[in-house]
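Letters are used for the chains, namely A, B, C and D, taken in the order the chains are written, and counting of residues starts over at 1 for each.
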């Protein structure tokens, strides 16, 4: 029997969330979202278009999938947009789904890449907010993380890089899905709600590792495994396993 | 003996006015300025750069010279800039010399492409101002016309498309040279001054065909003929004579 | 599931995407890359164009729509035929008042579209452009605000997001990934700023070709709604690197405008219903060959 | 008379064009196309950088200058090493307060340069970007004005016109006509916005090559002041379509930052005075071959 890695399961969950015809965008550190978007194209959603952040690559073939979002292996694509053109696009209604993440994520789906601390007293300096402010103009967004613990899932972020369900007027529908190495969550009345846990993860473990209260419905199932076809495609696009094996 | 056309003499006068290292730009209907810029590169000013308006061609080889400023024969060039990039450049201090013209030109060097008449009562509609407003940001500019009479050289333009020596604060040095089928003029204290007449043209003829008073110095000479080398280059770039024979 | 192709007939694209009263943007500049096959179809369908915007230098693309009586107003930086003369229909309609002219300059044409492409509420201009008559003639589209960093007054233009853009590219694949083989003029920002985009091309190429030429692909298909496959579809204007403009025909056009423009429309627009029919009327293969065979430096 | 060539040594270009206290822009994004040969020369000459601005995602290009103690302040949208981790020198200096951070986002990085490239006094932003902490952390560079068409408040960024830009292109001719063979990132607007431009290249090509590849030429030579011919000059970052980033070296760099960064600078920057010497120190031809030989889809 094939072993299915946590990363593969996360990629499948991302892919299943994308609808045919949608335009998807992702920034730095996005091997999983890139793989998920291409997987969606090759399975249920052939009319998905996806843009790999800084490289400007639109619908790269990902043969093979690179680890960096600006890699020149993305240059086999349907178009190489200049970055300012990508940014212009991020402000337009064309973008349906934005992949986002952060050092901290809070109950309202805010993401923080600025740092930990207070204005003028940042104790742990993050890299910076990059494109996350454009979340306010995307259709909806998927938050994904490479870790899930009480340090990154906090009641309230110290700084807002990507706005979740904030009071400001947003053009977007807000965050729609959270995918972590432990589970998949969605939102109910703008509050995070457990949807499914990965094999071997209990509801209790998710609660213990989340720094705020989440909604736990009665019917929390197991995050679906990728199909054989999906696994095969992932393996073909990422033969070295750089993405597939990044979380086991 | 070779016959020298009026157009060839005008091109030579334009070329002589360009200094080595300058950046030169021209818009529509610019076969003569294009030819003059390339001629300057191939003679006294190898470091001149020139940009052919709408085509975005920077330093096209002009082999052969096309009549249209947007022609694809300009695509053999050192760079094809997109038009918005050309416009950005027109706002930068890089542009030393701008070629301009108009339906009407007045004593202060204002150019009009809007039309003849008054606001709301335009009797003769011109094509529109295109890039002439950017004259206010160029280093200096050369006005050239394909005709010289009291209808296009008027005391005051009905509308300002390209500002000459107006009261507004300009970043440019204003108009520096006027080249017509009759003569070459420059400016003294912001007033047009006859510099030289073409062969067969008298000072009186220039005065009669100009709708305002111009300064006439004592030593008005003849506009210098192109050298043999210059004539040869012009003939090589424009073998059909489309530009060279456009004013005989 | 299969990926959806966007190739369609000009007639279908125009009836689907060009709505009466719309703000229409037409690409190309001077007598180059005017998307005439689609524009002729707009004339055939008698679509009423609420507002028309163009590159900084419009030509027969605007003049024909105006001559057919379809245009309410135009954002105008320049309409003309470069070395061949002024634009007769534009002149006549502007002088009579039948056409409302929103007086503009090249800065407006470029930055209004850039503003639209970037979803900016307005676009500031570089200092110095206040010195002409243009903003005084058009206080609706040129307005002043404060530079928040210095407090100085800054002239701004309205951002435009056209309802539909009609653009000529030389090549595209069936999904709308498109290539400009020559000058891009302002077509690129026009595509980015517009809600719907119709692209007419000289040829539809396989996506494999697109993947090999990524350095040439300027337009991602996700911005394109329709691909119209009409070889020689720019006639009588040029298509860069494919054929030059038809100077004889343009002169015939200019003459017709002054004499009997409806006869011209009958012969060249209403008569031939398809691009193929049109190409026969203008002189068929012989004319095409003449416009392709020329002295080119590349 | 002969045309003047712009090819020069990195050392000469830096001493001529990078002035103490300047606003410096460095190109490239993440671990790609960082113009490291010129940046190492800036470190060697201990130029003090008044302000540093970068693409939306800076990497070792910024982190090295900061680690060498040369940077007063940075316009910061992101400094990091993508999947390899955070930027240690940046983090340390920002946390200690030695480095002033002008908190920014990607919109600032892009539109401040676009504003500079178009000589705009400021650049408005699309609505909705007010919802984050960034403008509150940086009220000097994000300010509000009125949309003159609607009267609504609009957030704007400061336009930047850097004194000098240091950019990597893959190819240029001796006159500075340059080609990006891969992604352009924000380098193109950086070149347009900056007063002086230093371009480092993998190879200098004849102008005849440029004339044949016009569809690839992105930068007209008239904007370029110096061309630096330094093959493998992006190391340890990648040069698109030439070689990939050196992950082992980047990890060594990140480790050195935490342990003894001055030893790193001694070994890799102050020690080797030229690009050739540097390439020997990092592993010579064997290393170069390894970074070029890889599984690429094009």
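Criterion: a residue touches a chain if its C-beta (ideal position, glycine included) is under 8 Å from a C-beta of that chain, and two chains touch if they have at least 3 such contacts.
Note that this is a predicted model, so its numbers are computed, not measured.
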(message) So if I look at the partners of chain C and the partners of chain D, which chains show up in both lists?
(response) A, B
(message) Just to be sure I understand: going only through chains that touch, what's the smallest number of steps from chain A to chain D?
(response) 1
(request) Determine, using the mean of C-alpha atoms as each chain's centre, which chain is farthest from chain A. (result) B
(message) Looking at chain pairs B-C and B-D, which one is connected by more C-beta pairs in contact?
(response) B-C
(request) Determine the centre-to-centre distance between chain A and chain B, using the mean Cα coordinates as centres, and give it in whole Å. (result) 57
(request) Could you tell me the distance, in whole angstrom, between the mean C-alpha positions of chain B and chain C? (result) 28
(request) Go ahead and note the Å separation of the Cα centroids belonging to chain A and chain C. (result) 40
(request) Could you tell me which residues belong to chain C and also touch two or more other chains? (result) 111, 118-119, 126-127, 214-215, 298
(message) Residues touching two or more other chains, restricted to chain A: which are they?
(response) 61, 75-76, 80, 87, 91, 137
(request) Sort out which chains touch which and give me every pair. (result) A-C, A-D, B-C, B-D, C-D
(message) Show me the residue ranges of chain C that touch chain B in the complex, using the header's touch definition.
(response) 29-32, 55-57, 76-80, 82-83, 86-87, 90-91, 94-95, 101, 103-107, 110-111, 114, 126-134, 136-137, 182-186, 188-189, 238, 240-241, 244-245, 295-298
(message) If we count contacts the way the header does, which residues on chain C are in touch with chain D in the complex?
(response) 111, 118-127, 143-150, 152, 154, 156, 158, 181, 212, 214-216, 298
(request) Flag every residue of chain A that touches chain D in the complex, lowest number first. (result) 28-29, 31, 54-57, 61, 63-64, 67-76, 80, 82-84, 87, 91, 113-115, 119, 122-134, 136-137, 159-163, 166, 168-172
(request) Within their complex, state which residues of chain C touch chain A. (result) 1-4, 117-119, 173, 175, 177, 192, 207, 210-211, 214-215, 217-223
(request) Would you mind writing out the residues of chain B in touch with chain D in their complex? (result) 20, 23, 44-47, 49, 51, 58-59, 61, 75-81, 85, 87-89, 91-92, 94, 137
